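Paired with subunit B in one complex and with subunit C in the other, subunit A is shared by the two complexes that follow.
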Partner chain A sequence: MKKLNGLFYFVLVFAMLVVSACGGGDKPSASAGGEAPGAKDSKEAIKIGAVFSLTGPNSPLGVPEKQAVELLVKSINEKGGVGNRPIEVIIEDDKSDNTEAVKAMKKLVNKEKVVAVLGSSGSGPSLAMAEIASQEKISLISMAAADQITNPTRAGIFKTPHTDIHGTKRIFKYLQEKGITKVAILNDSNSYGSGWTTQLKKYAPEYGITLVAEEKYGTKDPSMSSQLTKIKATDAQALIVAGTNPGPATIVKEAKQLNFNIPIISSHGSANSKFIELAGDSAEGVLLVAGKLLVPDQIDQGDAQAIVIKTFADTYKAAYGDYPDGFAGYGYDGLNILVEALQATNSDQTKLAEALGKVKHVGVTGEFSFTAEDHNGLSEDSMIMVEVKNGDFVVVN
Partner chain B sequence: MTEFMQYFANGLVNGGIYAIVAIGFITIYSVSKVINMAQGEFLMLGGMITVALIGMELPYGVAALVAILAVTLLGIFLQKYIIANVKKANAISLIILTIGFSTLLQGAASLTWGKDAFSLPPITNSAPLSIAGVNIAMQSVWILGTVLIILVFLWFLMSKTMLGKKITACSINPMAAKLMGISPVKMSMIAFGISGATGAIAGIVIAPLSVTSYDVGVLLGIKGFSAAILGGLGNPIGAAVAAFLIGILESFGAGYISSGMKDAFAFLILIAVLIMKPSGLFGERSVGKGGL
Partner chain C sequence: MKVINKWGKGFFLYLFLVLIFPFLPIDEYYRSVAIIIGFHSIVTIGLCLLMGQAGQISLGQAAFFGLGAYTSAVVTAKYGLSPMIGLLIAMIIPAVFAYVLGRAIAGLQGYYLAMATLAFGFIVQIGITEWESVTGGANGMINIPQIAFFGESELRMYYLVWALVTCVLVFSLSLLHSRVGRAFRAIHKSEVAATSMGINVRSFKLSAFIISGIFAGLAGGLYAHFMGILDPQPFGLHESIKFLTMVVIGGMTSIWGALIGAVVINAISEILTVLREYIPFLHGDVDTIVFGGILVLIVMFMPEGLVPKSAAFLQSMKMKKKAARGEEDDQSMERKATT
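This part shows the complex of A and B:
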């Protein structure tokens, strides 16, 4: 009996530790840029809700999203707001947790009476929030990756980031140009990597590409050299890696040690400066698919996005000291799209979903063009291929 | 054949990593009958402190040495102020204490250095070793060398020195050892210190192979623990052999069957062995009474 008790406490304490570790730090929700002195006397502010993952594992996504949104709120209000009314964005933290996201969503809708909601950063919380949004008939713009958020489409529910489908098509297009037909893939076994695996398999025949090896690795694995050994023995002409850092960085390091001599192409999940920092010299020559925001200085002047990207990148850098990453861009585009729809409807919440469905917006992520079948509105052409040269990303033409 | 040898070499390196962790578990367990669940965090701290110190422009060697020293002291601290203070508690409570300590260390590390991953430059920055088409990173050679040195050192300490004999005496019969004037508490402290030092060394030599971050110790801790159990808790050589076995099986499993199932192979073998021989591959029948 005594032994049983001991075991029971062991399990109990362990469970508590896991729960507390997942919970992350508590932070009161912050409201951003709502003051807008002077404007308040004339007209009441338009309340917009936002749920971002400011703590927990998704915090590297949520924090830049929040920063971009705060920056944009300030600039919109300085220019007189929307239809002469200032906007106020009420930001909640979902702690990277589905239940917390639902709670935050309900609070924003029922208590704060917001006109629409932005968020969240992760796919799980976004999908949970989309359910509520549908029930409450409130518009939602998500910054998360999963295709299921907008597929099938639901009234008023949109998302701004590129999907794995865009990435897949862009990489295959590049391979087609280079005449490469035999490809190996090595993807993270988490939901991000498996999403990529599904799309790569689905679209390969369309581009005349054969997948000669399909390997996986665990997010926390210290070594992927066995998978690379297996791939090296095949007749693959290129290797596609889909995962978020540090996995891809470890893979390119080990590939170099194994004298790997075929090109490696990594997904947009790893396309940030951290990749180069972690992989060091081994990153040289690695190709990545990414949004144009990754290289704000190298966008062709003829590109419709060039000015938008440059403006955003410069303001963001002036405010926070660093160029924005893709996530900041998703938040920035999300609020811009919403503001456009608010302007079109004169902030009438009942017409918002319909107006959002017609938005055409040149954003920093890409050129959005929403239709009845497409609530993501992006095409693979808004992504670019970059190569790591001398420790920097350089656009490949 | 080249692939076969390459899988073997990869497995050997991974096995070496697990072996250093497993030896850390054994060193503490054999003296104090405590499974130190913070063993993985010793590794993490070894790597992270070295990265942090190099960031402060300290030379590599000095940074590594300071990190090893710091983690050794932390091990002694854990024994002296936490484990020894609750001497009357049963083994399970002590294990839970070490789990708590490991969570504390992880939390402190993520607060200090953030949740990002960091890379540590390789100890020697030369081209990989290539023997008959099999490529081995120089860092892997360092890892295997370190395992060997630690094993030889522990063997020498335990069987050729007076201190080793005292530690062994405490592990066989603490009461009798006490009557002979040996302090089991002191021996246990030394064991925690050794375990901290080997953990930190492991963390430093493996970090350059991939990356290091605040949570890198979790998976390595589990793998090392599995190896320690498979080897039959209490026998460093057995644990090392079991660790290499797990590493090599994983590598072949990933190479010839499915890389998605990589972790499953090692744990399937572990479960199978434990069903057939609950004391582990090289364990004695009496082992396990103390804790689990």
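This part shows the complex of A and C:
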């Protein structure tokens, strides 16, 4: 017994602390409960959660998304907020990690009591967050590529980026116009590239296209010349590359060294200024499929998106000194769509999922039109083909 | 039971803390953190048996973790088995892999063993990524059912996870004080000496591999059902090193050290997250730097790890006190208590 004395006292003191703390803890929680009905008070900010990959491998995606969202929050609040209430976006970093994304999501839902969540930048974290979102019946708008996020559709789960399906269809449409039927593909073996491979294979017959070579490379591979040599030996009339930089830039460089004379078409994952920077002169003449935001000054004035894109591109450049890339656009559209739904429901969280399902929004990524079967809401017509000319992207008509 | 008596105070304190934790007046969010600590603890306890006790390094523990996760995910999401059976299979498959791996590399020591386990880790991660028809490849799997442990809620998941941590802990502590534990330590000290003492070094090493594989597999299975989705990303070298760091920081020679190591690393990560709100400079990458720094400091100044070091410190304090107080010890204790 004597031996247990110390432990006994420790436990006793600890238990007392806990009891007193619990007693103290009950009060604020009770008052928080009491505040809930009063939340309609016009002054209180509407809390929105956001999870972006601000560090880790997905940070080139997450950082512009965060910047765009912060810019938009400022402008919304300057205009009086949503229904006379300012909005507050609480941003968490998932470190490009699935488990961290789950933790961030739980924190936003349980601790911050947000009405809806934006994010994340990567597909894995987004899928993990979507699981919690459906359990907790909270709405989620993702900025990640994977088709699985919104296919099959789940109540309250949406996403803003173009999918590989849009990209695939747009490229095939272009090839059809040019009368090209034999195509080789060289894709990254990560989730982005393999998603593309699946869709390219799936839609090729529909457009009368045969895939004569199917190669892949590892995200960190320093050279892809062996795959390119194999492809060169086939009778392919064009090469499609799907990956995120630096992979496609390396491929383009090596293709030039190997005297490739067929057109190379790279996916929207590589459509940014970094690509030209990395590939240098070799980028000349390379075709890319991309969102219109890539060329804010070259959009047809008759296009409904023209003014939206121009405004966003100019404010973003004024704030951060650089034109926004596609990722910034995904974040921008995500918050805009959410705000539209919040306005429609007077910020009632329970009706949000339904309201989001009806949103029609002209965004910088494309014209969103959500339906019961489509929680991405975009069509391939919102993508364009661009060519690199004199170190710049030029729209191909 | 002998073990529990021996570890009396500490063990009851542990049980008390585990039971009471969800009712502490803190954010519900920390319940999720505690669940994740539970997964890590199960893996690190296994790794501690393998590394600290049997002296076999493993740089591929995340591979067993991944094997367990994917096994349970596939049998429940694709073949509709109950998650409890999924967990059971999640322990068997990594055990089989650990057996094969152990058989193949049991003769290796030191650097060679480290390299072999490192390679194993890569093979498993690449294997998971490439076996698309079953694992969903780099895109991963979704719709993995939750575990129904008297219902599906986070609180129940918490108790399930920590009940399993406790089982693993008791099993490992008992093992440590048995013939097997002594054999492990003998192998650690010197394989040659152990052999000459009549210990079947090969089979004991193999059993250490299998046990650590089973634990990691169990933790992986739990992780899969907790997350609801899986992709191959969390099962690489980075995670293996993180497990290793936890064990080393806590103290390789102590099972409790493995547990404390998992708690400490996760706690630091949480503290940094809270600090980040005030010091924006501390963005997400800082975690890794801090872990690295702590690891270096531990290896330099207390290579035995936090738990053995503080245990030794407490012991020496007690001795000093006893010496000072002499025989009046009990009386003074009582007097203190009354005041």
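FYI, the second predicted complex is superposed on the first by the 355 of 397 C-alpha atoms of A that agree within 3 Å, B and C clash if a C-alpha of one lies under 4 Å from a C-alpha of the other, contacts with A are read in each partner's own complex, and residues count from 1 in each chain.
The criterion applied here is as follows: a residue touches a chain if its C-beta (ideal position, glycine included) is under 8 Å from a C-beta of that chain, and two chains touch if they have at least 3 such contacts.
Fair warning: this is a prediction, and the values are worked out from it, not measured in the lab.
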*asked:* For A:60, using the defined touch cut-off, is the partner it touches subunit B, subunit C, both, or neither? Pick first, second, both or neither.
replied: first
*asked:* Going by the contact rule set out at the top, does A:216 touch subunit B (first), subunit C (second), both, or neither?
replied: first
_In the overlaid three-chain picture, which partner chain does A:250 touch, first (subunit B) or second (subunit C), both, or neither?_
first
*Considering only the touch criterion stated at the top, classify A:189 as touching first (subunit B), second (subunit C), both, or neither.*
both
*asked:* Per the contact definition in the header, classify A:148: touching subunit B only (first), subunit C only (second), both, or neither.
replied: second
*Looking at the overlay, what does A:110 touch: subunit B (first), subunit C (second), both, or neither?*
second
*Have a look at where A:233 lands relative to subunit B and subunit C in the superposition and call it first, second, both or neither.*
first
*Do subunit B and subunit C touch any of the same residues on subunit A, and if so, which?*
6-7, 9-10, 14, 21, 189
*Any idea which subunit C residues touch subunit A in the complex?*
8-9, 12-13, 16, 20, 23-25, 27-29, 32-33, 36, 129, 132, 137-140, 142, 223, 226-229, 231, 233-234, 276, 283-285, 287, 330, 333, 337
_Interface residues, subunit B side, partner subunit A - complex_ = 2-3, 6-7, 10-11, 13-14, 17, 90, 92-93, 95-96, 99-100, 103, 106-107, 115-119, 121, 128, 130, 135-137, 206, 209-211, 213, 215-216, 218-220, 250-252, 254-255, 258-260, 262-263
*Touch list for subunit A against partner subunit C, complex*: 2-7, 9-11, 14, 18, 21-22, 24-25, 54-56, 93, 95, 97-100, 102-103, 106-107, 110-111, 123-124, 127-128, 130-132, 146, 148, 189-191, 193-195
*Taking the complex as given, what residues does subunit A use to touch subunit B?*
6-7, 9-10, 13-14, 17, 20-21, 57, 59-60, 186, 189, 215-218, 220-223, 225-227, 229-230, 232-233, 245-246, 249-250, 253-254, 257-259, 274, 277-280
